Amino acid sequence: MSLLSLQDLTVTLDTPEGPATVLDRVSFDLAPGESLGIVGESGCGKSMTALAVMGLLPAAARCRGRIDFEDQDLLTLDERALCALRGRRIAMVFQEPMTALNPVKTIGFQVAEGLRWHFGLGRGEAEARALKLLDRVGLPQPRFSPDLYPHQLSGGQRQRVVIAMALACDPALLIADEPTTALDVTSQAEILALIAEVTAGSKMALMLITHDLAVVWQNTAAMLVMYAGTVAERGATAEVFARMAHPYTRGLLAASPGALEDILPAGRRLATIPGQVPDPHDRPQGCVFAGRCPRVADDCLPCPPGERLLVPGHAVACLHPHEGETPS
Amino acid sequence: MALFLLQRLGTLLITLLVASLLVFLVMEVLPGDPAAIILGVNARADTLAALRAEMGLDRPAWERYLLWLGGLVTGDLGRSYTYGVTVWELVAERIGLSLPLALMAIVLSTVLAIPLGVLAAARRNKAADVGVMGFTQLGIAIPNFWFAILLILLFAVHWQVLPAGGFAGWDAGFWPALKTLLLPAVALALPQAAILARVTRSSVLETLGEDYVRTARAKGLSRRAALWHHAVRNALIPVVTIMGLQFSFLLAGTIIIENVFYLPGLGRLIFQAIAQRDLIVVKDLVILLAASVVVVNFLVDLLYAVLDPRLRGGGHVL
Amino acid sequence: MSSETRVASLREFWQRGRGQANLMIGLLVTLLLVALAAVSLFWTPYPVNAIDIPAKLQPPSAAHWLGTDQFGRDVLSRIMAGARNSIAVSLVAVGIGAGIGVPLGALAAARRGWVEEVVMRFNDFTFAFPALLSAVMITALLGPGAVNSIIAIGIFNIPVFARLTRGAALSLWQRDFVLAARVAGRGRTRITLDHILPNIASLLIVQMTIQFALAILAEAGLSYLGLGTQPPDPSWGKMLNEAQTLMFLAPQLAIFPGLAIMVTVLGLNLLGDGLRDLLDPRLRRLR
Amino acid sequence: MTGNPKGVETLLRVEGLVLDYPLPRQRLLAPAPRHRALDGVSLQVARGESLAVVGESGSGKSSLARAVLALEHPAAGRVELMGQDVFSLSPKALRSLRRHAQMVFQDPYGSLDPRRKVGWIVAEPLDALESGVDAAARRARIAEVLESVGLKARDAEKFPHEFSGGQRQRIAIARALITHPALIVADEPVSALDVSVQAQVLNLFMDLRERLGLGYLFISHDLAVVRHVADRVAVMRLGEIVEEGPVEQVFGEPRHPYTQKLLAAVPRIGHPRHRPETSTS
């Protein structure tokens, strides 16, 4: 049975310029202990998906569809029930470590706060468990005393504190929304390794959101490619990387300078995806990628393509997917 | 941390010194001769000269300035021409009214404004918010002396519940004296409360949008818990700064309000002293008020450092 | 300063402004006030200082819409004339404040170093003196009158604009488009004129309306204390002072001048808020 | 290509550059501590050569970009631009030298003045550095550079907020080209862009280099971008260059342990993965 299952989740935002469709019939499952990578460029809706699962969408958002988590549809829960879930069963790590912590409260207090809120632990016991959590994320005592304030830590160290806060109540699902984008490449490697080790260690499901294909390849067993609020392609990571079917996924890989193993011969240009992401206020009728797709045909335009299962564990939302191996 | 305060102390002293210099110079430039004012226009030249010598007016300006400065430090503020008593006695007698009045106004405005500001921010664009914003718009627009007059019209003239003015004096008992200060305090507090409520509201709105409040919500805290445990604490920092600045507006307000209610306080004293060209009193009072404003702002900086650990220093963990 | 300001042309300015309640009300009240003052220059229901003792202290009537004061003078006419005085004093005072404060602030941000230190010490110093106290001192020493209250209020406005300009300019100096101008070889002054001032213009306009409102309050306070415009010229503050002495006889006398001040200040503040939303959408979030 | 002193083969030579930033004073009596951003940096950029400087935040690479264009004054060291010592020139001489070296910045939303039209923005270096350019010639020069970066001449009448991130970065590049410089200093020019838009702008940089023979000082924290766009690369750490050489050699057989650590930290497709293989529905 899946821990988390999204069925046709659709989210529209009321903006001064009229309603904007941010997510359009997003569906996927995540089994307990599994890891799922969600990759896409800015504005594709990956963060919105995470916020929808957490029930932290902005007030102007209207949701349709289902988000089943441990056999409860989160969209039907009231605020009190959601509060009981957040931090306790689903935890989240955010992108900006520099602003994610309260500057006027000590790191010990902020790590222990989840424990005292959900389990009603006393100050002493909560602080003691906080020390263990800090140690577990690589911030050992006495160097990283709980009485330190966030401004005394580096970006990487602060992100470790945020991860410690997320692990406090031993949740079933950890959502990491671009946890390393704001960090240097060396700290990124350490944080990703920490997330992998922690979630594997305690059978915790992981939803890792990133814009970097290589990060998905390295860190998640399954993956999901999003474009303009829809799921373009999904499946087991190795499977998808081997036979990329959606034109956008291939375009993304070809445009990533680091993705290819060897160094491009001098002067050869990166493959580019022409045009721009469609404006959420006036989404095209048919396939959202049609405007930029090299394989577009007449049947792509009238209505959005349904999802087709190419092979067990690999589905694509495209009428003319690529057939063969991914060119390396 | 200590350094932060030393620097602030430094600027405080410099500001006071410059203020005293300016006040002294302004008084020097003043047309008209104090001695002539006291003895009247047709006084004889020699008595004028004698009085001037006695008041030390014949000595060079800088010497008198240093003497005056010395007096300020030792508390010997000199003798008032018009009242015949030492300035210190005058101040001591009047501060018994102005200080409690100012404190009542500050307490009233803070107790009223901060909760209203937080409420308005928490219920943004709902009824409570629109109500608070309406109240603050009016509060800022109404001149405090007109508001005072309206209060008198209502409570003293119409309902005759409170006195229209004058001060019963503390010896007439705590409550009767306090009653006479009630209307002036409310009149003084209104504009301050309106400004403070607006500042609190926008400051809380700002912090509610911060990432760490979203992190608190992601930890499972309810909207209310995240507001009080995380947003309000951070929002207080800019609010405290504004309160420091407001103290100087409050002093200005006392000058007018003490006139509207005929209260013998420092504000009224300084106004009358200026009108009567009583230089000694004017000089001392202006410096006293300026010093109190600067000291209050210094205390606000202290509170700032307490509220915000980033100012308390503490090195980076390498 | 927001880099997303959308206001490109005047047409768009008007087209987006229409929907703003604050802006519309504020604009309306302010224009009404200005019209009132302008009309009073050459016509008022009764000559402003015409004394008519038998008709003194009349409540509002058909003849005298707002009644008459203790000398039988028409209250409405005096309020109209008072408007002229309030606007003049406040406009010039804010003009002085901005005219001196803005260049000082821009200079402090551009030059840094000791220049900035001097400007900021001057600012702290003027904040140490409560606004009205320095105004009272200046008008008392230079003698009461409209001109001196202009100077007094003007001086108090200088640090407000200097501090605001310096703050906004400092953050702009860090922006890449200013660095690009430096790389293009532009000097500090040219950059201040080409890039810094245009980008803080909307901030300054909003602040001017708010300082204008504060100036009207300050002028009213000064004239209440008898230090502003001298009789027989009418000023709202003075009218309130006189009305207070007759509170038991003619309470209505104290209503109208105060109302005039409140409505004017309210109108200007609403105009300020409306302009802020219009010119800088980013600030709308803080409303 | 007008305006370039002939025969100057080395566009930029930096020797022993030291740059300090004052930090807030910790103790009253002790002098204010200083952060050493550049600690003796030396490098060269030949005509038409693309030198990349890569390093993590705090390595001093942005300070280097600013010092090289005399936006910051170094404590020690020399910067030679087009054969002239930048810090010993008179302001007037420095201004005329600036024609040959312009800069592109990281944040597309911060590098264009929101209150100015695109035409004015692009022409600012021209207006500041070249005199005697009449209105018609100015319009032509604006049109020329806009079209050379893939935009249209009539875009000059629009405001920056009417363009996407990628297009804004093209406008910033057009501005840097208008005085026909020999050297472009690009400080993280593509870091703020999405992958697909990043590819378009990187290709533009490479087209311009081939067409106009431009030299680049290309600052980036992204090793993949550097490997793609540069001939030579200098790896910076804490204000020092720890390794420098041709891209193939530095990326192929890195000698300095820090370079090795950097290269190992970059996630690469095909390399071993953290998570074991598991099936998913």
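Each chain gets a letter, A, B, C and D, in the order it is written, and its residues are counted from 1.
As a convention for this text, a residue touches a chain if its C-beta (ideal position, glycine included) is under 8 Å from a C-beta of that chain, and two chains touch if they have at least 3 such contacts.
Since the structure is predicted, the reported quantities are computational estimates derived from the model, not experimental observations.
Ranked by how close its C-alpha mean sits to the mean of all protein C-alpha atoms, the top chain is C. With A-B and A-D as the two chain pairs, more C-beta contacts join A-D. The most distant chain from chain C is A, comparing centres defined as mean Cα coordinates. In this assembly, the C-alpha centroid of chain A lies 53 Å from the C-alpha centroid of chain B. Centre-to-centre separation between chain A and chain D, using Cα means, comes to 32 Å. Between chain C and chain D the centroid-to-centroid distance comes to 47 Å (mean Cα coordinates, whole Å). Contact residues of chain B toward chain C in the complex are 11, 14-16, 18-19, 26, 29-30, 137-138, 140-143, 145-146, 149-150, 152-153, 157, 164, 202, 205-206, 209, 245, 248-253, 255-256, 259-260, 270-271, 274-275, 282, 286, 289-290, 293-294, 297.
Interface of chain A with chain B (complex): residues 54, 56, 79-80, 83-88, 91-92, 94, 96, 99-105, 113-114, 117-118, 143-144, 148-149, 151-154, 157, 162, 165, 168-169. Considering their complex, residues 66, 69, 71, 94-95, 98, 102-103, 105-107, 109-116, 121, 124-125, 128-129, 159-161, 172, 175 of chain D touch chain C.
The residues of chain A lying in touch with chain D in their complex are 2, 29, 31, 34-36, 41-42, 184-186, 188-189, 192-193, 196-197, 200, 211-215, 217-222, 235-238, 241, 251-253, 255-259, 261, 263-264, 267, 269-273, 276, 313, 328. Chain D meets chain A in the complex at residues 56-57, 164, 166, 194-196, 198-200, 202-203, 206, 210, 221-225, 227-229, 247-248, 251, 261-262, 264-271, 273-281.
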